[in-house]
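In what follows, subunit A forms one complex with subunit B and a second complex with subunit C.
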Partner chain A sequence: MTVRTYLLPRSRPEALGLLDEHGPELLVMAGGTVAMPLINEGISLPEAVMGLRLAGLGGLERAGDELRIGATATLTQLLDQDAVPMLREAARNTASWSIRNMGTVGGNLFTPPPGGDVAVALLALDARVTLASTRGERVLPLADFLTGFMSTELAADELLVEISVPIPGEPTAYLKLGRKHASTPSVVTVAARLEWRGGRVTDARIALGAVGPHPIRAREAEQLLVGTRLDADAIAAAAVAAAQGCEPFTDGIATDWYRRRMAGLFVGRALEQLTPGAAGEGR
Partner chain B sequence: MASRIVTFDLGGREVEVMVRPMTTLQSVLRNQLGFTATKDGCRQGGCGSCTVLVNGQPMLSCLLPVEDVAGQRVTTLESITPAEGLHPIQQAFLDAHASQCGYCTPGMVMVSKALLDHDPAPTDDAIRHALTGNICRCTGYRPIVTAVHSAAEAVHDAADAMRGSAGERAR
Partner chain C sequence: MNVRGSHTMEAPRAVVFAAICDPDALLGIIPGCREIEQVGDAEYRGQISLRLPGVVGTYRTVVRLVDSDPPSYGRLEGELEGTLGTVTGHATFRLAESGGRTTIDYEGQGVVGGPLARLDARFAEGLAGSLIKQGLRNLGSRLKADPAAGTPSDRRQPTREIPA
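Entry: the complex of A and B
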């Protein structure tokens, strides 16, 4: 253990002030489920760490037609809300009870693949993130926030403080394939949401996890769906495009070949759930 | 940086420890306080053997700087073990042969305690879902699920008996 300074701010202004004062060398930690294993193992050797557990950033509330999620709201809080069912499903399929009691929604956006399953759902839901610093605040679409493997748009003096999610009226589908039924890293995670008018798809969001450097949108597949009635041909074409367009990797969970195959299969299954007339979904 | 003094509630007793920055709750319990029921398995948040309850919620003490729980209520296996005999969950684990090498048992018992506090009559699925973060390499899990079911019944019967004797006293 090399940590010489552990800062525990009690408010957002205090946290932003400490971040400004200490600069980019300060490791910011929320639930500790990603940072602590690396510190315990000596892989990460920070001298100064700021813990956010007491910083008052853990609120979660419905405000009008959006869900406002404080950056340090836990995955358990996400499981306990009922405004956005897809986020419940994503939380239920992430890690274990103890980890959900510790891990945070904001932290999940910084969790490298094959983790970060909640971020996949947030991406399909067009979530926006609020970044704050002593200079002020800015709001970005999550799709623009995630820029690469373990890299984001966050500036050195900025803190992710809130995630806001439009509450969708339209049906959504969320599927995660792991090697076990629960508490498992992802082979592939698929989150999908479609908008319809007159029996045709007018807009589509398909987000994929564990098949890229960060949760990604399957944009070509999305475009192929617009204007269709989501028939079998449209679903098959979108599944092929999603599989071809992703960037899977090989790790101890799955090979890149298997991940690509499963990405296509699970995009197809998610879209079938959204087909008009499918049980409990569609229109 | 200088060490700090942290106080928290451990099983109903206030404890005070002096720690270097970011010392884990696991390390404080085992190395400073001698509360060794909380195990030191992977230190990665992967095995569940270090599970304790913080304000009644299961958390992994290996991932938790003790400064984060200052002023809060920590419950370990020692906290729930009576001075004589065993807690009904411990007895159920013993009776169902749900413990072999025993390393996972304290974590399993703590999560089971939290589960039964939330849900006095959990289904098989609820038990399995609650215990997914606790790895056992001996039992194959079936005896553990059986033990949690019988613990639920034992806790229920004990509550009935309490109500019964209270009723008799009232008469």
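Entry: the complex of A and C
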């Protein structure tokens, strides 16, 4: 192991100051469940590490019609809230108890696929992320924050400090397919949220995990649902579009072929849960 | 490791080609590039510092333009060396212009060594792919903001000062 310096800032300004001072060679660590295995295996060799554990970024609170999640709030904290059932479901489907006690919500946005199971839910919920540096703060939609495989909009001197989630008024659906029942890497993860008026869908969000370089929106499928009554034909068309539009990969868990097939199937199942009268999650 | 892709930007291809060969422009385009200098006719040396999720490191890189037919084609060879491992590879790119916009098609192969090679091939490919895309996005927005950015500095038109 190469780590010579471990910095543990006690406040957000201190953390941002240290980041600015040390430059891009300072490794930022939240829960460490992604970063530590890479260090222990000798793949990542940082000389200086900054832990965010005590930097005051771990709050989770409901403020009006928003849920504000501090970047270092743990996945267990997410499991304990009831303002947004989809996020509880996402946390429940992510890793195991011991990992959830350490791993953070912010860290999940940086986890390469097939990880990012909470990020998938946040994407369907239109979450916004707050990035801070000594220069100031900026807020952007999560959909714009995720730019590529292990790459985001985060600048070298910025920290992710908060994730805010509009509390959905309508039921939502979250499904993850893995090879085991629990603590399993994703074959495909689907999060869906619809808005309705007069029995018709007015807006749709479908987010997919493990079938692209980062959690992605199935935008064409979303479009196809708007204006429909979510009948069987509309669901089938959206499922086909989602399967065609994703960019699955092959790894030790599944082939790209299987992931694409399952993406279509699970988008269909998630939407079926949201059809009027169905007993879906969050109802 | 294989990467391939395509990217379209709002600039004529002569400007895009010039930017790809201009160390000043490259400094602002290559993600994490801290310094770059031209050390030979068509050889560049640089240093790149990247903070990736869970991984940080500084990399030294040498890139040579080994064959070119400006402004439509180029072939690069190079090495990247740092704590995460080494990448040795080559890439070709073709620029096609249509209606003042340029499309770059690129294709490359690399051999990965060191710690990086112990990860799934998907990691090196995914990372290379997203860094190239990021770089081309940077190039696109730079050329859009300042169309002269790709022109070698000695051939730039002097900008006129607007009196206050």
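The criterion applied here is as follows: the second predicted complex is superposed on the first by the 279 of 283 C-alpha atoms of A that agree within 3 Å, B and C clash if a C-alpha of one lies under 4 Å from a C-alpha of the other, contacts with A are read in each partner's own complex, and residues count from 1 in each chain.
Just so it is clear, a contact is a pair of C-beta atoms (placed from the backbone, for glycine too) under 8 Å apart; a residue touches a chain by one contact, two chains touch by 3 or more.
Owing to the predicted nature of the structure, the values given are computational and were not obtained by experimental measurement.
Novice: Clash or fit: subunit B and subunit C on subunit A?
Specialist: On the superposed model, which is not a single observed complex, subunit B and subunit C fit side by side.
Novice: Contact-wise, after the overlay, does A:L45 reach subunit B, subunit C, both or neither (first, second, both, neither)?
Specialist: Touch partner of A:L45: subunit C, not subunit B.
Novice: For A:T228, using the defined touch cut-off, is the partner it touches subunit B, subunit C, both, or neither? Pick first, second, both or neither.
Specialist: neither
Novice: For A:W97, select first, second, both or neither according to whether it touches subunit B, subunit C, the two together, or no partner.
Specialist: It touches subunit B, and subunit C stays clear.
Novice: Could you look at A:S133 and tell me whether it touches subunit B, subunit C, both or neither (first, second, both, neither)?
Specialist: Touch partners of A:S133: none, neither subunit B nor subunit C.
Novice: According to the stated criteria, A:Y6 is in contact with first (subunit B), second (subunit C), both, or neither; which is it?
Specialist: After superposition on chain A, A:Y6 lies in contact with subunit B alone.
Novice: Counting only touches as set out at the top, which of subunit B and subunit C does A:Q81 meet: first, second, both, neither?
Specialist: neither
Novice: Calculate the angle at subunit A, using C-alpha centres, between the directions toward subunit B and subunit C; round to the nearest 10 degrees.
Specialist: One gets 120 degrees for this angle.
Novice: Using only CA atoms and the superposition described at the top, report the least gap between subunit B and subunit C in Å.
Specialist: Superposed on chain A, the two chains' closest C-alpha atoms are separated by 13 Å.
Novice: Which subunit A residues contact subunit B in one complex and subunit C in the other?
Specialist: 39, 41
Novice: Quick check on the complex: what are the subunit C residues that touch subunit A?
Specialist: 31-32, 49-58, 83-84, 115-116, 118-120, 122-123, 126-127, 129-131, 133-134
Novice: Quick check on the complex: what are the subunit A residues that touch subunit B?
Specialist: For this pair, the touching residues of subunit A are 1, 3-6, 8, 31-33, 36-37, 39-41, 49, 51, 53-54, 76, 95-99, 101-102, 181-183.
Novice: Using the touch definition from the top, list the residues of subunit A that touch subunit C in their complex.
Specialist: Within the complex, subunit A touches subunit C at residues 23-28, 34-35, 38-39, 41-46, 110-112, 147-151, 156, 213, 249-252.
Novice: So in the complex, the part of subunit B that touches subunit A is made up of which residues?
Specialist: 1, 20-24, 43-46, 48, 51, 54, 57-60, 62-65, 67-68, 111, 114, 128-130, 132-134
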